[in-house]
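In what comes next, chain A is part of two complexes: it sits with chain B in the first one and with chain C in the second one.
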Partner chain A sequence: MNCKVLVADDDAFITNVVARKLQNAGLEVIVAVDGQEAYERAAAEPPDFLITDLQMPGMSGLELCARLTVELPNPLPTILLTAKGFEIDRSKIGSLPILHVMTKPFSPRELLANVQEALGIGAAR
Partner chain B sequence: MLAFPTTCSPAATDVPEGLAREIREHLGVAVAFYRLDGTPIAEAPGQGDAPDAGTAPSETVTRLVREAADANEDRLAAGPHVLTAAWPISLRGQPRLAAAVELPLSGEGEQPLARRLLAAVGTAVRARMAEADAQSQCNSLAEALSQSFEEISLLHNVGEVLRVTRPVMGLLEYVCEELRETTGAEAAVAYLPAADGAEPEMAVSGRLPLLESDLPRLFGALLDGLDPHGTVLINNHCQQDPLLARFSIAMERLVVVPVALGERAPGVLAAFNRSGEEFGSPDAKLIRSSANASAVFIENRRLYSELQQMMLNLVRALVSSVDAKDPYTCGHSERVSITSRTIAGQLALGDERAEQAYMAGLLHDIGKIGTPEAILRKEGLLLPEERRIINRHPEIGGHILSGIRKLEPVREAVIHHHERVDGKGYPAGLKGEAIPWLARIVGLADAFDAMTSNRPYRPMLPLDEAIREIKRNKGTQFDAAVTEAFSSSGS
Partner chain C sequence: MVAAAGGWTVWRLWAVIELRRVAAVILLFLGVGVGLHLLMDPLRGAGQPSTAKAMTLGAGLALSVLGLIGGFLIARLPKERIDGVTDHLEDMVRRGAVGMVVSEADADSLGRLGHAINRYLAFVKDQVDQSHMTAKERQIQLKVLEAEKRHVEAVIHAISDGVLVMDAFGDLVLTNAAAERIFGFTFDVSLRKPVEEVIRDEPFLELLREMHETGLVVPHRTVEWVQGSGENAQVWRVILNTVVEGRKRDRVSGVVAVLHDVTKEKEIARMKSDFVSNVSHELKAPLASIKAYVEMLVDGEAADEAEAKEFLGVIAGETDRLGRLIENILNLSRLESGLIPANKTDLAVTEILRDVGDVMTPQAAKKSIRIEADLAPVFFHVHADRDLLYQAVLNVVSNAVKYTPEGGKVSISTYLENGSVVVHVADTGCGIPPEDIDRVFEKFYRSRRSARAVGGTGLGLPLVKHVVETIHGGRVTLESRAGKGSVFRIFLPAVR
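Right after this comes the complex of A and B.
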């Protein structure tokens, strides 16, 4: 029942905001500062949900999602965060389990609602 | 009532949970925490297992804590059987609290070791307090940042939603919904007072603490005589205000922001009640920004509709000057415009195109301004030369309307409303789909109205006969789809 969410972003502001929002709603949060770290943490212990920035040094959010989709036994539902103006090519998402693409600055409330909806947890708003 | 409360967070004297226990377990020393005046800080729940929980501090400790706090220096008192230490603790450069320890000694010989131990404890306590304070600062920054994100995304979304072609209330409902969610208020309200005979409009999100029907009176009472551009009302103790308490016993807190609307009486954006934190200037600022964005939108929308009305009136004036020249066509343009709009509606072309059809119907004969009255008013058959002159009216109309970008589709319809789908019309002899869609609609509506009116050269046809005549010419004079739409419109 204790759902684990992996949050990957090289921007500490974002990870802080997202982690707090999710933790306040009773979710367990693991923070990774780049794609590589996120990949390693997910590989060691698969989370229930992934929130990742698109643009990260080294492994991008899309690459991270693609690798995990291939390597993990179950598809990992994902929300992709992107900086404003950096529109993402829908075709690149393809069959990846990306549920939402949220443009920064996003509403943390909306992000939480999306995660809760995807995990089937009652929204505690 | 008008004051912005300065909601400053209280001094961070929170001792992190479990800190006393942690030190006791690791260093075997019982630390207690005190305010700067020497009173003990109640331990957070879960720390009640500290050995000295509930017992009053000794006189020595109280004295030492006060001394340490006053001097902002560590204090140590050595008795024969006890060593007492007090450390003032500064956070962010300000003395905030003190920690103290009484360490029992079994003999004088333990003193040097005990002193070193206490020094280590003091360092550890300070380090952990600083860390906890940094963490709590970090948390409140993240909290503030999160709120800013909500606010930015609210304003951003409101900006996205602002389209002049949207109805005002749709926007205000959206703004209320978002404001309520973002501020955590129990209810948010947008209110536009009646203007120019229009009814007052109201959008509500959430559960209001008072009757909706009382809102106009409440806002009226609150905003009476205040400057709609600069005023924000915040009240976190409504029940203490006799005026407000009269409205509802359930109204605790409110923020009311006027929405300045040009010459119109100001509207209001308001939030009601919030459990937890009081409303403050950040809430007011957010509501104010939303109010400003909404006001610009409402004002633009009003100007837009005024502009549209003005344009329509100008067109009508122009058209009536044609009708005045030609007594037989009196009311003809208005009827053609209505029929054209009905056909466009039947073809499900959308509101914008239906309005274009209406406009094209109104303007289709505008070129007759350039046709000599003698020809327009002539009874009996026209000579070929006269026919040639009158047939120039679509092109003259096209000239009159040239250069008005917004009317370009209308202009095309005016030029081609006498074309026939079999190519035997004028002025260009266009065929079928080559004739602009709007011209095909107006062409039929025009022919139908001509058939059902008296003309100098023939009497009017009965309605059913005219409809039969139209259907008979489907595919030759008239576009098939337009004819279908016309005959199914039941006109």
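Right after this comes the complex of A and C.
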């Protein structure tokens, strides 16, 4: 099973490290540098999983998730990365398929474990 | 006592007058009697010679007449004196005067009576004078109290905080100009009216009512009251106190409300909170990279040595970024709080531009960016702190190099314009979108394109603005067209 994960973050170092971690675990990764690009890529080719930063220029991670929930036929399981964990309005998350909110600095190891658990796949390495 | 003494004097006056009259009547009868006796005597003694009879008759007549005149005069004497005193008294009443009614020369009993009346009148005069003085003192005290009342009212009126006093009946009894402005009423029209007619804000009225009802249990309260909504909302700290009266202090006779505007304090608190939140966010970004790449190395995720080196390079770069960020935050914070004193001297702007150009040229060369310095041969002088101004110009030029693509150009020049020395920095970079132009000087604000650039702290331009405008009294302007480049101008007052 070749699972496709869309990673959206305006910080290139973060998308790079997450992509490497997931690719090393055998997952296919698509990288987007902001919410708009992520939305366009997901709409063109729906991924199996979304990892997105909350605070991005233009469209935020929450907006991206909300729009994709409306647009895509199936809910897209999502992990939200944020440096402002305490500022998230939990009521907005309620209806969205957000499985975890991970606060930066985060552990790529833990992130991978969360993705694998959500996709129901074991450790590839 | 005075009334009793007065009654006694009047009785004595009456007695004296009556005694005189009795004496006059007795004298009259005596004179008439003796006269008649002598008159009748010649008629009785027929043997007496006619001359003697005539003499006796004449003497009798004369005595009778004398008796009549004497009695009349004696009876008349006190009446004249009393009439005189009466006229004098009436004259004094007419003139509203208080004083002597009998002269000191009158030494008889009527004179003594007069002296008694004089003393009595002097006593009354003293009393009247004292009453006049007391009344005058009271008038002065009243005027002083009225002046003090007006002064206190003026002070209350001038207080910048709103003051409202409501009595036990819910009427407005005291207020001031600030309260008028807050609630939009007119002081003179609204006084002594029920507060409900003056103030229309229901939550505030509820506060007053609640205070009035629970004032005995909770005599002081401080609450926050928000007036209006949205961006125009004003936040007031309302200090409520009850006026408690009665012997057992068991009666709330009024409520005093003092309103202090805390909108700005709230705004500052919010900005501080935002600042801390932004700082934390900015610090977390490089920290997140450092942690992630270290963990990747620890977990052996690097495919080869080259990738391991790449990870270490990221860690080193992000550590530097973190250090720079902390340094910038501290510098800006110290500058804003005035902890770094500006050490101003007259200096040549050209020299600073030359130094900045020298420092930036190697960095620009890495991206094949040309730095063109058109420095005037005349040295324009400004009164400035060298280090701070150097840092400000460096930030602008470094920004220009950072956001200019490879092969571009950054121009630096200086000239004089309307009494200001202008530092002009233009680049051929990606430009700043119009919606970001006003915001690039805000702390931590980074436009969409700069957010992608590595190394931006969002504090470089706020520092430029603070150094130029707050510390040196100049100004910074920015013109930019997306895709065409940006022009920063720093205006500083020229030294003449």
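Everything that follows uses one rule, which is that the second predicted complex is superposed on the first by the 120 of 125 C-alpha atoms of A that agree within 3 Å, B and C clash if a C-alpha of one lies under 4 Å from a C-alpha of the other, contacts with A are read in each partner's own complex, and residues count from 1 in each chain.
Just so we're on the same page, a residue touches a chain if its C-beta (ideal position, glycine included) is under 8 Å from a C-beta of that chain, and two chains touch if they have at least 3 such contacts.
Bear in mind that the values here come from a model prediction, so they are computed numbers and not experimental data.
Once the two complexes are overlaid on the shared chain, A:107 sits against chain B and chain C alike. Of the two partner chains placed around the shared chain by superposition, chain C is the only one that A:11 touches, whereas chain B remains out of contact.
Once the two complexes are overlaid on the shared chain, A:67 sits clear of chain B and of chain C alike. Judged by the touch definition given at the top, the superposed model places A:55 against chain C, while chain B stays out of reach.
Taking chain B and chain C in turn and counting the residues of chain A each one touches, the greater count comes from C. Look at A:41: by the touch rule set out above, it reaches neither chain B nor chain C. Contacts of A:83 after superposition: chain C is touched, whereas chain B is not reached. On chain A, the patch touched by chain B and the patch touched by chain C overlap at residues 13, 16-17, 20-21, 105-109. Residues of chain A touching chain B in their complex: 13, 16-17, 19-21, 105-110, 125.
In the complex of the two chains, the chain B residues touching chain A come out as 138-139, 141-143, 145-146, 148-150, 152-154, 156, 181-182. Chain C makes touch with chain A in their complex at residues 277, 280-281, 284-285, 287-293, 295-296, 299, 301, 314, 318, 447-448, 451-452, 454. Of all the residues in chain A, the ones that touch chain C in their complex are 10-14, 16-18, 20-21, 24, 33-34, 55, 57-58, 83-84, 87, 104-109.
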